[in-house]
């Protein structure tokens, strides 16, 4: 069972490495969206400093949405998904492996680059860690919830737009708590409560989302 | 099994169809009576509010609509879960039949909330915790309906909708509490819709009667819609063809 | 239940299948025992693939059930799938992985991880010597099909094979190889279900179900 889990992660990372442009597209999208905000709202440093966590979080949400469509699509198209459905490993485990690999490919780079983007917004340096940590805890939750949406919309026309409609409302708690962490840290309240809540959300989503996504995959591939 | 009433009998569309028709007209009548009574109580009997004047009377629609919007999502998720667990066709039809009514009440709650907000707070929209949660609830209803609309195969549509409804129902409390928390962090003490100063008994009665009216309306509308869905899905079967011929 | 000696039998009981508006087949019954081959025939669109997908549990029949050793496969789930090899229409081959990597992934997902040496041997048996480390992107249609079918050479222990058009896109030599694999497997007492248009020597001796287009 663990062999299959490791194998799926290894395979997805290998595929991403051999087609690295996909990874870069999501990352560049994230950077560009964040960079558009100062152009839209003006370069006032005080304003930028206030909106930085929110902007970075919303951009991370959108970037993660963008990557979601690919989570099961190619496996669905070439028949690998059928083999996963008929695999010896419980499907929830396979989905968990895929979600983890997906996060490493599309979520982790966002976490790593977020401090640089926050500096563009003149975000106080001492709180960069809280911001990055909130993203590190929050983006896996986005991938987990998103997996359910991606599985439900597999092979449907208008998949991308539909996927956003399904998934974005479910992202609300992560956005509120995630962006709240850095804001609370700046305002002197400390973001510990938010980070703990994000950790709780991660544990909750990690336990249940793969199974919901697995059920959705079985429904979608009938 | 022998000697027991077969409860699953009514889960077959063919037997449920005429029953749904009779029930729908009964509940429709009840809904009309209750809404008329509730509106009368609300608009003519209940006293004018000392602070808000006559504008407050919109709560006789707003508050019951908000109740129904949340309640109907639960009912929808309940039917959806039943459909997944027992694989009954009727459950999925009921879930899809409830969704538009739920969305309607959510929209009504938002609309009347906004209309009430203008004279009371001087603005059409405030990011009040309740209004924001209602807005997200509306998105959840839209997502459910959009997903079902995008799937051609009714069986897949039912099951996929059911998974989404169940995921949504797990998320609603999390969404509600996170929005509430966000709201208190950003606004401090906020104006809350339910913090109306001591409500007169007639006000409560009016709202309760309206809530029953909306409830009956929801049942009637959902049953009517379920009948349409049944006919559409079972159009190949004999009983549906007979019905269509009979009514044509 | 427990597993009795020998290969359990696969039983289809009163299967009905409706896709969308179309009724594909109804009241279909069959029993497949140890060492038997079932060939499903019928024109395009008659529901052959749907029947195979029902038989392996990917698709839920509109009515009826499929039983493995007397139990509904939809309840058995992984317990059934651990004993099943399904090679579908789609090859489940990733363009960016090499033939050997693809085969390794397929075996690991099926729960029987294999050593590189065994994988190389299986590929050679299907006439893919020298292609092991080429990305699947450069392989021809027939070579990809062979890569997918090379799994069979590593699945002697799986008591049930379900193959959707295994001979499609294969040349005469490869058809021969695959037929040999199937014949060997049957002689081991396993059961095989396949669809094919080809009147091959092994399929002559098979049980047959011909689906009609309604």
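Observations on the structure shown:
We just call them A, B and C in the order they show up, numbering each chain from 1.
Convention: a contact is a pair of C-beta atoms (placed from the backbone, for glycine too) under 8 Å apart; a residue touches a chain by one contact, two chains touch by 3 or more.
Computed from a predicted model, the values in this text were never measured in an experiment.
Contact with chain B and chain C alike is made by A. In terms of the distance between Cα centroids, chain A is separated most widely from C.
Closest chain to the protein centre (all Cα atoms averaged), using per-chain Cα means: A.
Between the Cα centres of chain B and chain C there is a gap of 48 Å. Annotation: 37 Å between the Cα-based centres of chain A and chain C.
Remark: chain A and chain B have CA centroids separated by 32 Å (rounded to whole angstrom). Among all residues of chain A, those that touch two or more other chains are 222. In chain C, no residue reaches two or more other chains under the touch definition.
For chain B, residues touching at least two other chains, in rising order: 153. Those residues of chain C whose C-beta lies close enough to touch chain B in the complex are 19-21.
Of all residues in chain B, only 152-153, 236 touch chain C in the complex they form.
Chain contact summary for the complex, chain A toward chain B: residues 145, 148, 152-153, 156-158, 162, 165-166, 168-170, 172-173, 176-177, 180, 184, 201, 208, 212, 215-216, 219-220, 222. Residues of chain C that touch chain A in their complex: 56-60, 78, 81-82, 84, 86, 88-94, 96-97, 101, 104-106, 108-113. Looking at the complex, you find that chain A touches chain C at residues 3-4, 7-8, 11, 14-15, 18-19, 74, 77-80, 82-90, 94, 221-222.
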